[in-house]
Every structure is written in C-alpha cells, then in structure tokens.
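Same chain, two partners: chain A is paired with chain B first, then with chain C.
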Partner chain A sequence: MKRRPSFLAITTWVYIVWSLLPVLLAIRFAFNSGRSRTSLQGWSLRWFWEDPTLSVFHDPTLQSALVHSLELAAIVMLVATPLGTALALGMRRWRGRGSGTANIVLLLPLVTPELVFAVGMFLLFTTAFGFIGLGTTAQAIGQVTFTLSWVVLIVRGRLATIGRDVEEAAADLGAPPLHVVSRVLLPLLVPAMAASLLVSFALSIDDFVVSQYLASGADTTTVPMRIYSQARGGPTPALNALATIMLVVSLLALVLAYFVFKALTRGEQKEQRDTAFRQLAMEM
Partner chain B sequence: MIDVSQGDIELVGLVKRYDDVVAVNGIDVNVAPGEFFTMLGPSGCGKTTTLRLIAGFERPDEGKILLDGVDMSRTPPHKRRVNTVFQSYALFPHKSVADNVGFGLRYQRVTKAEAKRRVGEAMALVRLQDYGQRRPAQLSGGQQQRVALARALVLEPPVLLLDEPLGALDARLRLDLQVELKRIQEQLGITFIYVTHDQDEALTMSDRVAVMRGGNIEQLGEPRELYEAPSTAFVANFLGASNLVPVSIGAADGDGAQLGLGSFTLRADRCPLGSGSDAVAMIRPENVRLEPQGNGGENRVPGMVEEVVYLGFHQEVRVRLANGTLIKVDVPNDDEQVEHEQGDPVCVHLPPRHLRVLAADAAVAPAEAAPVEQVPA
Partner chain C sequence: MGSRWIWRALAIPGLVWLALFFVVAFYAIVSVGLGNVTTLYEPVPHWNPLDWNVGYIWAALKAVVPGGDTWDTFLRTVIYVIVAVALSLAIAYPVAWYAARHAGRWRGLILVLLVLPFWISYLMRMFAWTNLLADGGYATRVLHALSIDSLFQSIGLLDGNDWLGGQHIAVILALVYGYVPYLILPLFVALDRIDQRMIEAARDLGASAAAAFWRVVVPLSKVGTLAGIVLIALPMFGDYYTPDLISGSPKTAMMGNAINGYVQGGPDKSLGAALTLLLSAFLLIFMIYYLRVIRADQREAAAS
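Right, the complex of A and B next:
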C-alpha cells in the first residue's frame, strides 16, 4: 500500500516551488527574444551576447560591472582566506585573558545589520581613513572585514574536528611549532581553506550594501549595484541575463566548494566529513 | 639497540593545578630504566595529567621531571627524548602509514636510506610491513594503534609514554595487544610509562603499578603485592573484586586482632590498626569458602544465598550474612561443585590469614549494610 504524502511533505514542496518561482521567472526572461520583462516573447540568447549594443557582452556598463564584480571577488577571497585562517589558528593558541572577548568580537559582523556596518565603513573611509578614500580598495577592505568572520567560522569548525592531539603528536615526535603548522595543520586545513575561498567569493559577488556605500563612481559599480540602479530606468532583459550569469557563477562556486571539500577529505571517516560539511553548508 | 642505562625517570614533588583544582598533588616516584611502570586509577585521579607533564604538553607548577638525572620540566615537548602513544592514536590522516612512521625521523639527523631502513624495521616490529602505502583511515583500530606505536618507537626513545593506548579497542583485541606490547617492551628494553584505568591491563603487563587517587599515589608496588596486600580500602576496591566488611577492632591477638562483626567475632592473622577504631575487613571473593549450614569453628558466619551469578569458569554466589552484610563468594565450576540456590542456608568461612584489616574510608562504599527487603518467614 502506498503511503499518501503527508501534510508536512506537501507544505515543504509548496514552499520550495514558491521560493524558486521568482528566480525561475527571472531566468526565463533572460532568454526572452523581445524587449519585455513581463510578457513572454519566445526564446533567444539576444540579451547575453547576440544583441550588438544592449546585450551583457556588448553593453559597456554591464560588462564593466561584471568585470569589477569578479575582480573584487577575487581580491576578497585571496585576502580573506589566508587572513581568516591565520586568525583562526591564532584564536586556537590564545587561551589567556581576553580570548573570550576576542572570540565574540570576531563573530560580531555576522549579526551586525549590514547597513549599519556599511554606513560605519563609509564614515571611516571619508574621514579617519580619508587617505584611502572610496573606491575599489575601500570596497575590498569592507568586504574582507565581514567575510573574515565566515572564514574564521569555517576554519575553526575544521580545527575542532582535527582535534588538538595531532598537534601534540607532531610536537612529541620532534616537530618545532612552525613545522606543526606547516606539516600537519595546514595540509589538514586545505579543505576548509578551499571552502573559504569559494564562500568568500560567493559572499563578495552577492554583496550590495557595502559595495554601494564604498563605491566611488561608474568604474566601481558592481553587478548588484548596476541591476539595482537600472531597475528603475529603462530595464531590458539584459539585466536578467546579467543576474542569471551571477546566479550561475555563485551556484558553481558553492557546488565546487562542496566537491573540493569532499575530494580533499576523502580518506576521512564519512560521518565526520558530513558533519563538517553540513556545518559549512549551514554557515553559507 | 638502546643503552640499557638510559631511561631513568624521576618525578620530584610534581604539582599541577588548573585554577582551583589540583590535578597532580605532589608526586614523587622513580622509574627504573627498562621498567614497565603503570599509573592506574579512575578518571580524574591525575594519571593522564602526570603523563602529559612528562611528555611536556603541560607545564608543572612545582617540582622536577628528571630524565637520566637531567631536569626537563621546562623543555618544550619537541626537544624531549620521550615519545607518546595517544589513546586516540593521533595519526596524521593526510599521510600514508609509512610517512606517519617516518614523521619524526626528519628531526633526527639520519640519511634517507637509514630513515627508510628504520621505518621498515619499526613496521616489522608491529607486524605491519605490508601496509606502508595505506592511509590510516584504511586500517582497523588495532592496526592504527600499532602504527602509532611504530611511529613513536622508530625514534628509539629511552622512555615511551602510553596514554590508555588500548582504551578504544574491543576486549578481544585488547588482550592480543597487551601481549604484543609486553613483547615489544621486553625486546627493546625501554622504559614504558603506561596510563590506564583497566586493572587487568595493569596487573598483566606491569613490573610496578602506582594506584592513583586525587592527584596522589595511593599505593605503589608490584601487581601481586597490590592485589594480595592492598594498604587501603580504595586500592582493594579498585584492584579486583573484594568484599569490604565494616568491623570494629577488638582485643589484640598476637600480631592479629579480634574483629567484631555484629554479634559475631572474627579473627584476623594480622592487624595494623589499634583496638577500638573503626575499620573494614577486606577479603577477596576467591578466598571465601562456602560450607554446609551448621558448620562450626573459627571465622564461620551463617548466612543465606541471595543470588547466584553464572560466570563461565566460576560462579559468584552472593550470601547475606546473619548480621545483614552481603558477601561475594567465588565458587569454581570444577568437578566438586556444589549447586547453590537462592534461599539456601549456608555457612561462610572467612579464613583469618586472608582477612586484611584496613582503615575505614568514607569515600569507598563498603559491602551493603542491611538487607533491603528480605524478611525471613
């Protein structure tokens, strides 16, 4: 006898469809062959590259936004990952007075409203750190600042599953402190660092508030900023195409993060790895 | 392989505190070169902390740790000539078994060829010569533990520290590895300092055992001495099964004394305590004799069988004595066995030479005092 789907299962599916519907609609219009973003007019790749002036590939404003977004994301992931890893390692060593407070302060950006954080950053770069000023550098610093908390969280989670005894074992076998890090901890942290790279990439690509506040002009406009500003002017499905590209890139980053993490922790016990990744997925 | 004059460990007044908690409370002990020395005790007794102090993972608050006469209590762990086998194995999951074993050789100036030979030897010693290219996760628990052992032994330390190395293994494997550990220790002749809460491990492998409690050594001696002549109720209770019977000490009787057990009087051949004090009389279940009801004579107390537990090669018969004390008796399952059943009246013989009088210890529960529900009809 077949069990009838339960109320909870139906609710879940309704929710999933409902939450995906707007995304799917937006993607559908990216492939619209007409100019309209509301009525279906057949399929085409016009808004990606076929249109000689208005497509993502040919419109210089859209193109520069895409390039700037990718640049910024690359900088953020390459700075935040090593820095966050070092911070997590430092926090693990530091057991004395003040370590508890530092712990909380480090994770504060996770719960600070992004708008408050961005306004604060804006004031900082226009007054105290006026010599830096607004622009790409400010945007990168701002994004690194809040991305760092995520990296620390991911690396610390991994450190917790690694445990302290491999460090002690390495020291016991004669490895000086630097070698404990380079020969044992860092190789074991590679999965977490790979995940951190991709997560910070995804966070940066998605960011709107911080980029918006710390931007200095047209050449520091990111994709989310461009989409937001053009949504009111004469929008074309090229915006949908741009958004679709971003969505695909973000999704690829996450999927890649999963498989890289999985591949790099292959030898380990399954449940341990799964817990680690689930933790990671939840954090994202 | 190793200079037999090496591997002398001396702990002098070792103290370790964590905030207000004293984990190790002034330990003095001298471990001879080549000795299999065991620290035995319940969790929280300070045995692991002591081991970690010797390894260098913790700094002592007071006291010295001498290796062959040189204090190393301030030396960082990577510079100490002692190696540790961890309970969790602590193998490096990203390295092959051979690379795990060879990890520490990098810090001993040896040539590549020499390193390879020594890794091979160490793996042969633990009978894992064919497993060099595997990852630790591809090995069973017992094999992983042997890799951990090889990884430490390859460095030829004068002293090897073992922190409950068999704790995570199942009972059968534990027995096999006990034999193997002892074989390796005798073959290499190096000092083993072994931490365990398992009394069987301590008794079978050790030259000497320190029974620890509350950061102190409660008693130190050879396994046989500890088992047969425990000096405190705690040691008697922790090592092996024992009956601890609360008694009052009466008149002296030669070296021994009369002991009051309710309305009965027992005699112990030896009694280190003065008359009038409260004490417990300790007797091992295998030294108690069950006799037919009505048997008279010295140190015989009537009772009733409350429970019989079949344990394979012997039975444990629990007898409620007439004064309410519960006594466990080991009855071997040999040809002369007499079947006992619940409710049988019997006579319990507590031979005077097996009764040890120990100071009463509130923290160690004596045999149950009163019958809970049994009301003879």
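Right, the complex of A and C next:
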C-alpha cells in the first residue's frame, strides 16, 4: 500500500533533523572560541582544556562531575549485570508459589515514574536505612535497582532463544545442575551479559532524578545534575563541552559493545545477530 | 530433584535486593505520607499500619481537588500530558509507519537515526534547546524571521518575547521533543509486525487505501500504540526537570515540580510523600487499565 510515501518521507526526515540538529549545534558551541552558547564564534578547544580556569579539564566542579558519573556507571554495571543475570537464570526455573508476585515486582520498576521511585529511595535512606545515608553508595544502590529489571529482560530474551534443548541435553548426559549453569548456560549468555553491561552503563550515565535525590553534596554531583543546575544560570560553553564528552563516551561504549557482541556471536547467523543487537539498542 | 536449590540460590540475591530497595522504598513513601513530623518538621515514618496518621494524605487530597493549592498544577499537568501525547502521536505515527513500510534502502540508516536520541542524555537534549531558545539563539531568530512568534502572540500561545520565560507552549513542545523517540520505537515494532498480506487482502476486497489504513492497520497496531502512550505518559507525570530547564516559572509548574519542591526544597517532606502517593494512585488506574486492554486483546487473539 503506497499511501503518499512522499509526504511520509518528508515528515520522517524533518523529524530526524529536528530531533538531532539541536544536539549537533550544542556540540558545535562547545568548540566556540568565544563565550557565546547561542551563536558560532570560530573554533577552539578552549572549553575542553585550553582555558586555565573555566575549561572542563581545569574547572574542578565540571571535572569532578565527569569523574563521578563514570565512577557510578562502572559500579552500577559491575553490580547490576551479575545480579540480574543470576536473577533471570533463577526465575526461569522457578514455578509455583510466589513466582507471579516476583515477576510483577520485577516489572514494576520499568513503569514506575522515576520521581516516585526517587522519592521512595530518598525517604528510605534518610529514615530506616539511615546507616547507609545519602551519597555515592545510595546513588549506586538506586541506579542498580532500576537497572536490574533491564538486565533481567535482556538475559531472559537470550535465554528464550537458547531454548531448553541444550540444557536438557547436558542434564541427560549427566551434568549436575551447577555444571549446566557454569559450563553450558553462562558461556551462551556471555553476549547478553556484554549487552547488559552496556545498557546498565548507559542507563547510569543518563540518570538524573535518582542521582539528584540521593546525592549528598558537591562531590556526588553527576554530569546531568551539573547540566540541570547550571543550564539556566548563564553557563559558559564549558558546559556544552562537558555534555559533549559524555555523549562521546556513551557512543564509544555503544560502538565497542557492538564489536564485542559481534565477536562473541561469531558462529551465529548474521541477520539473527543484527536483529538481536538492534532489539537491544532499541530496548533502551 | 534435590537440585532445585541452585535456581533458588541464583534468584534470591536479586529478589532480596528488589524487596529491600524497591518494595521497602515504596513502603517508605507510605510510612512517611501516613506518618508524622518532629518539631523541626523532619518526617517521622510510621512503619506500623496501626499507627498511621491520615492527616497528610487528607491535606494532600484537599490540595489536589478544585479550590486546593495544587489543583491548578494538577490540572495543568494533565493538560500538558494530554496535548504532548497527542502531538507526539501525530509525529510518531507517520514516522514509524514510514520507517516500517516505505523506507526501502534507507531503512537501516533511518532506524539508527531514530534510536540515536536514546543514547544522548535527556538533560543534554533539553539543555540544547536552552541554547537555541535563549535571547538571540538560532531558534528564536528563525521563529522571529518566520513571524511565528508574532503569530503565536496574536493567538495567545506566546506571552511576551521570551521563549524560556514560562511559556506553556515551550514546555509542551519540550516534552514532545524529549519523549517522542520513546513512542516511535514501540510504534515501529507494532507496525513492522503487521502482515502485509492483511493490508493487501483488505485492498483486494475493495477497501480504499484510507479504509484499509483505518480499519486494518490502526486496529492491528492498537496494543503497541497504547503501550507507547503509557510508556511516555507515565514519566511525563513525574517530570520536573523539563519545566525547570525550559521555563523555571511557577506558571508552568507540573505535579513533579510540586512534589520536588516539597520533598527536596521545603520543610514539608511528609506532604510531598502524601502527594507522591496520590500521584501513584492516579497513575495506577492507567496502568491497570492498560494491563486490562492488553489482556482483552490477547484473549481476542486467542479466540479468533
């Protein structure tokens, strides 16, 4: 059915330009040689490191936001991936009492507005879990909690494509359950785990609400928090430079993950592999 | 079967984590919202349901009904979300339809470009607009050159010249900009899945292109469309950063701003918790409705 494809094509391309051009311009302003964030003023790396006080590299508030964001993302991906993979594996065989409730609890973080979740965490860490308190630990716990559901979804999707046959074959040949997990399932799950590392990394560095509610002070400020607090306060293009660096980091992670994923699934059909990766990039 | 323990052992750490930090965290909102405060207005949660104090919930309820302090904000939030979702749908449907059906050799590239915003921080995407809509920014200049600003002023959509100074239209468009990528993808998946032969069959049986679209494509993509709408509407109800960055004025405050103000800024954290509970209850109705639609659809599919 050809239903005015030209109108549709124009709408689509106009939308794509509209969705990306503002960000491209924000990146371009990061390279301005002047102070303006609203018009083009030559090219320079002043706002990245050349400026001795205001550049990302020399302004301690910007630099620490960058470091803290990356630090948090590293913790979150290294905790959420094993925790979520184990949960997905365990839930697969868990039938009967309680499994329905567990499933709902697992899916709820995906539909709960971040604000509700953040308010809950904030009140928890300032009352009952006061021994943890606010700060980096609380931020990491908060981010792991909402990332966990995504990891479980990714690993579950992969487990569904593996099917029961492999597992049953191993068991029939006398492999004890521990070996079924460690020698059969885990190696097959490596691509899904690589994908989970990427997704949890990306979710963490993009997170704003949870990090803001669970922050305890200047040294727990992340890049999105820095953007939020400075965007309307007459920032210099150094803020654009900071945002640009974060964007490059997440795109590099995406590209790296694509190649890792490709290498890990070498034996599989090309289309199957590409579909799997595309689904993953979209699930975000 | 003495081997079941291994599956339990694998599931337990994750489940305990979710119980402690998700379930108990939500219960903390309940306990604070139904709790009390010290003389310094620090919240004292009442964990035991027998000790619950309904005072704050009652105050929050009185605030969100007509005549209450937060009524205007609540109404504004609902209107913003409805308009933003409708505009998002008007953009997302044709784009997703084109990407799924007509993109041809451009399909791969278009998909990459549609997914790209997911990998750009939401705050950065909003910040990009504050560069463009500032006084003298490129968007401000283009809108002025095309006389869109005076057109909007004459029909009352723009108040004064400052796009970032508390304009409803700017906040709504920013919400559309922020959330529309998250609507396009579920729509794309739903539309991509429709069997081309269904549409051809409708055409062969004499349906016009428009009739085939409205009576075949739209019903077949209903579940995906609803899923996408819920997916973007829920976070919009909890959004406070978009209005803060794009306007910052109390004229455009949403429920998220009200809750954020109470919980993070003001002394009345308990009232903030009570408002969060009311918002959750309000959203729960949508979530349940949505789950029922999906279930009904599945039953229908199973029956036919």
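As a working rule, the second predicted complex is superposed on the first by the 273 of 284 C-alpha atoms of A that agree within 3 Å, B and C clash if a C-alpha of one lies under 4 Å from a C-alpha of the other, contacts with A are read in each partner's own complex, and residues count from 1 in each chain.
Quick note on the criterion: contacts are C-beta pairs under 8 Å (C-beta built on N, C-alpha and C of every residue); 3 or more make two chains touch, one makes a residue touch a chain.
None of these values were measured; they are calculated from a predicted model.
Aligning the two structures on chain A places chain B and chain C side by side, free of any clash. Applying the stated contact rule after C-alpha superposition, one finds that A:165 touches chain B and leaves chain C untouched. With both structures placed on the common chain, the touch criterion links A:252 to neither chain B nor chain C. Touch criterion not met for A:67: it reaches neither chain B nor chain C.
By the touch criterion stated above, A:116 is placed in contact with chain C alone, chain B being left untouched. Look at A:178: by the touch rule set out above, it reaches chain C but stays clear of chain B.
Look at A:218: by the touch rule set out above, it reaches neither chain B nor chain C. In the superposed model, A:188 makes contact with chain B only, not with chain C. Looking at the superposition, the partner that touches the larger set of chain A residues, chain B or chain C, turns out to be C. Using CA centres, the angle subtended at chain A by chain B and chain C is 90 degrees, rounded to a multiple of 10.
By the touch criterion stated above, A:20 is placed in contact with chain C alone, chain B being left untouched. Superposing the two structures on chain A brings chain B to within 6 Å of chain C, judged by their nearest Cα atoms.
Taken together, the two structures place residues 176-177 of chain A in contact with chain B in one case and with chain C in the other.
Residue ranges of chain B in contact with chain A, taken from their complex: 55-57, 76-79, 82-84, 86, 88, 90-94, 103-104, 106-108, 135-138, 151-152, 155.
Residues 3-4, 6-15, 17-19, 21-26, 28-29, 31-32, 43, 45, 47, 91, 94-95, 97-99, 101-103, 110-111, 113-132, 134-139, 164, 177, 180-181, 185, 189, 199-200, 203, 209-210, 212-213, 230, 234-235, 237-241, 244-245, 248, 256, 259-260, 263-264, 269, 272-273, 276, 279-280, 283, 287 of chain C touch chain A in their complex. Within the complex, the chain A residues that touch chain B are 163, 165-166, 168-177, 183-184, 187-188, 267-269.
Every residue of chain A that touches chain C in the complex is listed here, in rising order: 1-3, 5, 7-9, 11-12, 15-16, 18-20, 22-23, 25-26, 29, 37-39, 83-84, 86-87, 89-94, 102, 105-106, 108-109, 111-117, 119-124, 126-128, 141-142, 144-145, 148, 152, 176-178, 181, 202, 205-206, 208-209, 212-213, 223-224, 227-228, 231-232, 239-240, 243, 246-247, 250-251, 254, 278, 281-282, 284.
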